[in-house]
């Protein structure tokens, strides 16, 4: 077989100049040895993440929890949390982490505010008046949640970010029984120039003596049952909130704008739900509708010398091992018979030999046809 | 072209022995002359229908309203109601009627009860307790509603029932701008042997002095603003309702079991919503997911002598005229180049000449792959 | 000056009164048709032609010399029987968490019709020219004597709605921050519709879920249970009778509704019966009115100030003028209240 | 017999009492640790070592001859300050429609913590052997004298929670029809947890939306505001003092909470001060106890029956035994109540 007979999948766009071969980036399950790196990443997250507290014991527990989940036989989603790290092999550093909660509300209820519109109509006055409310909801408790992503800022906007974010979908694609049919992603909400949440200032503040940051921290490290006890039980009328709070509803933190755009491109849509503390947006999608899941495919591995690999579009490539899950970026270089060509180093990285099948999905998302909101909002 | 060269669409199942040629049944918009027939159909409906009151003035208004809707240019769904009749041309009788409300809550709010599950979790007692509720909702107000179907009982279970029910989808397929993306169908709820609604006996009765049948009638002929004023505003806890009432939630009237089954086959799914008076089920579907809409297609007409038409699977055939809408049952007999063969009588019935395109959909629904509830319930 | 039930012949004078009451006194609009109906209803009530729970007793204060009407007041026997009667009730909801070591109660406004079936004293208006000689006290307290005399015609509780707090520009901060979001109209219009008893729009448009008061701006929160400065003296008078604010406020302006068990109202507890003896024209007469006297008939009820109290034997001696004013003669019974 | 603050040395006797109270008296569990803490808390309260709003005054009735404890009772200065205090409030919601010519109010149970900050009289228990000689009245009314004497230490209102209605088999129909659907446990367990002050499960599991009473079966509706038959005499005694049911009920058994403004309580209004004069051993002594006397110190508070009332000059003459029982001597002041 000559090089000429090798073909890349046509029609895909380039994912940016930073991807060279791709063998230098690897997503894999977190291990005990990653603890210090996780702690650093949690501490550097912008803004701080509720579900990734920079708390050594919690992070240690998190890693152990993830390892247990990977070892167990799981037939349906439960209280598993899978934690991954992104390793830059060139630097020999852990530069990112991300998790999947198999069921958002498995241990506790996962509370969100659901945006609703009430219609008040008066026959007497012959008018109809719409009033918007936020209702405390646990509807999102059943979804599998992509969460706790933190990335070394030097990698922001690169294919490393994409790999870290979407490698989780490559994992989900292989173990559908471990996850819900619906996936969710919660983005940190808008903070003002002073780093304060206008939504919290108008809502949560009245109910807690702790500050937004304290509560966020507590929500991360402790049981969340306090939310049901302390937050208002009845729907909130939007017209009674401050204009600043209303403007923050469903608005993401500026540092996450790009990530949110990418998730919309992936096929997620904005749901009616927002975070109860900062009103950050919660996206959701039927798993089947996500681009990564609908565009990924199995290919047998063909190992070829590094220098004979054709220059095809970049792709995410994942092996078939649960606890030994590996996902990296390689070229979507297929032989005419559909084998994926990998360098010996890449094969080694993924722990695959020739003939083993790997899951491959293009790194660049195909054009979005219908990233609308499905009438949900 | 020989008869041998004519082909029917393969792989479709027979829709029952009662369909012979099909030229004897016609669905068309209701006209003033149909008033007496409509009144009879409304009076004979089992059970009586809220949205088809046997009230001459209302029915007259209904016909006029439908005619106006057909004449107007409509760019998006509003307060139009389209009323159709089913004519048995052999008998020369109107034997059925059915309507589409372009927007279920256009004039009034369309209230339903939404089934919800609340999670009560106690950290103190380390337990988690689910409680089901019914919440007054107007979320279904935006859907287009298939409603007010009444069929002469002699035709129940025949292809006439199917035609009447689904001809509306053939209409919707042609005028998508007039209808919402989501369609709903509300089925009459379960009544006990005494003809009483156990749900009403447990719920509505406490709030009205009128009986279930009186209120149902009022809801049909008058503004429904009283519902918001009189029905309980706060969610109802299911455990507090009688067992009979709980068992009736989402259960259809026995006379509508078959019809409901057919609508599920069409692609509708049970929503979380039920009727506020009798807890009858409300089905819904994205328009695009309905079998009739995804399996219908345009075909030019080829007129052939009656006796030379091949014996193909039955199909619904509709013309392209808005106010002159006609839908009948014919054979899905296509020429090799895709023309639909109709008898001169059928063509005349539809008001089409050779070369005009008609919309055709199989009368028998294809096998249902996923008539599950989309996780909605 | 004497207080008596309104009669059909009062219509012209009543309309003159209605024109004078002006904005904010929504129960007496300047509409002859409305006023005629109101008089009809009141006359039927005093004559006992309607069931006790449906009666609206409407009184006028008459200058018996000029024949002019000086003011009016009313008692509704049981509110909320014909049209719904709404309040916000300020309630407390506990929000606590052992885990957070947090325990607080949040004030919350609940829409309620708890006062359905209670009596209401209302519609008190006194023409400015007559705001002297304790005429206002007569108008206000005569109602307690009426209720004491016809105790069986009234339920357990009585309430009075007090006008809420407004800015000098006549704006209700409570309305601006709350009602205006739900009622697409001016305060005045909402208030007028309510005054006319056309209240179905309230049930239709009112927020159905409780309102957490911390979400209201301070200006609105400060209106909760506060009265209009002009209403303060009336509130003080009612408080002295034992009426208290139990947390119910007007849904539009946030003004307090004060209430009491009728049997606890001081004027009712302390009123006493006395036999009339019509005596000398020159009886001693206190300089300041200190005793109220009311007759014991319903249709011909009269109440006025008299110059002195009863003697130790429970006999009240009246001057002929006083007796005439009250339409009583020796041997009749009067209900007296020192005040 | 005399009532006095509990002291540390009462622990054994208190535990004996706790063993006797039995089921349904959840505030006095048979747990030495709990009781020791309770005494500590009470002693600190009487000694003024905790802020007024946090005090739990726990009294015992002592047979000063045998040294035995005959019973106990308590006053909580302000409920709901440390753990949330819940009730259902029976409210009315208007459901009316002009169009349907329909107007009714629907009774609705709202979860509320409205009584947060009110005082509570509670934990009254009298050993069966001592249920004679008006000892129960002494236990109950001594608390009013205490509150009258230390009025500044209490808020505006006082309440008492009454045990609800149960079937002869000890089943609460209200619990069966309502609470049992939300609290996956036995009534007894829920009641005990509450008695121990471990109430966070209530906020966690309680239905948050109002309950429309028409949805409750008749047996449950009939429990709303009804007391256990054994509680009826206690309720009557409180009603005579002016406490009323204002629509608040226990969330578990539906029993009524009665309440009053402290200043309106009859025993508090009618109690009077008198100077003590210790006199002859053979003073006249009423056959039936008619006068209660209480001392004026908090830490050494005493209350007992005495044989007679004060004279016209406000002097109360005591026998040496009575004086000793109350630990007073000539010249001291007592607060007296005829009852």
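When the chains are written out, they are named A, B, C and D in that same order, and each has its own residue count from 1.
The criterion applied here is as follows: contacts are C-beta pairs under 8 Å (C-beta built on N, C-alpha and C of every residue); 3 or more make two chains touch, one makes a residue touch a chain.
Quantities reported herein were computed from a predicted structural model and do not represent experimental measurements.
Seen from the C-alpha centroid of chain B, the farthest chain centroid is that of D. Comparing chain pairs B-C and B-D by the number of C-beta pairs in contact, the larger count belongs to B-D. The distance from the centre of chain A to the centre of chain D, with each centre set as the mean of the Cα atoms, comes to 57 Å.
The centroid of the Cα atoms in chain A and the matching centroid in chain C are 64 Å apart. For chain A, residues touching at least two other chains, in rising order: 118, 120-124, 223, 225, 228-229, 233-234.
Shared interface positions of chain D, i.e. residues touching 2 or more other chains, are given as 93, 95-99, 200, 203-204, 208-209. Chain contact summary for the complex, chain B toward chain A: residues 105, 108-109, 118-123, 128, 138, 141, 181-182, 223, 225, 228, 375. Those residues of chain C that touch chain A in the complex are listed here as 93, 95-97, 99-100, 102, 104, 106, 108, 177-178, 181-182, 184-185, 198, 200-201, 204-212, 214-216. The part of chain A that touches chain D in the complex is made up of residues 123-124, 225, 228-229, 233-234. Remark: chain D residues 80-86, 89, 91-98, 103, 105, 110-114, 116, 200, 203, 244, 247, 261, 264 touch chain C in the complex. The part of chain A that touches chain C in the complex is made up of residues 118, 120-125, 127, 129, 131, 133, 202-203, 206-210, 218, 222-223, 225-226, 229-237, 239-241.
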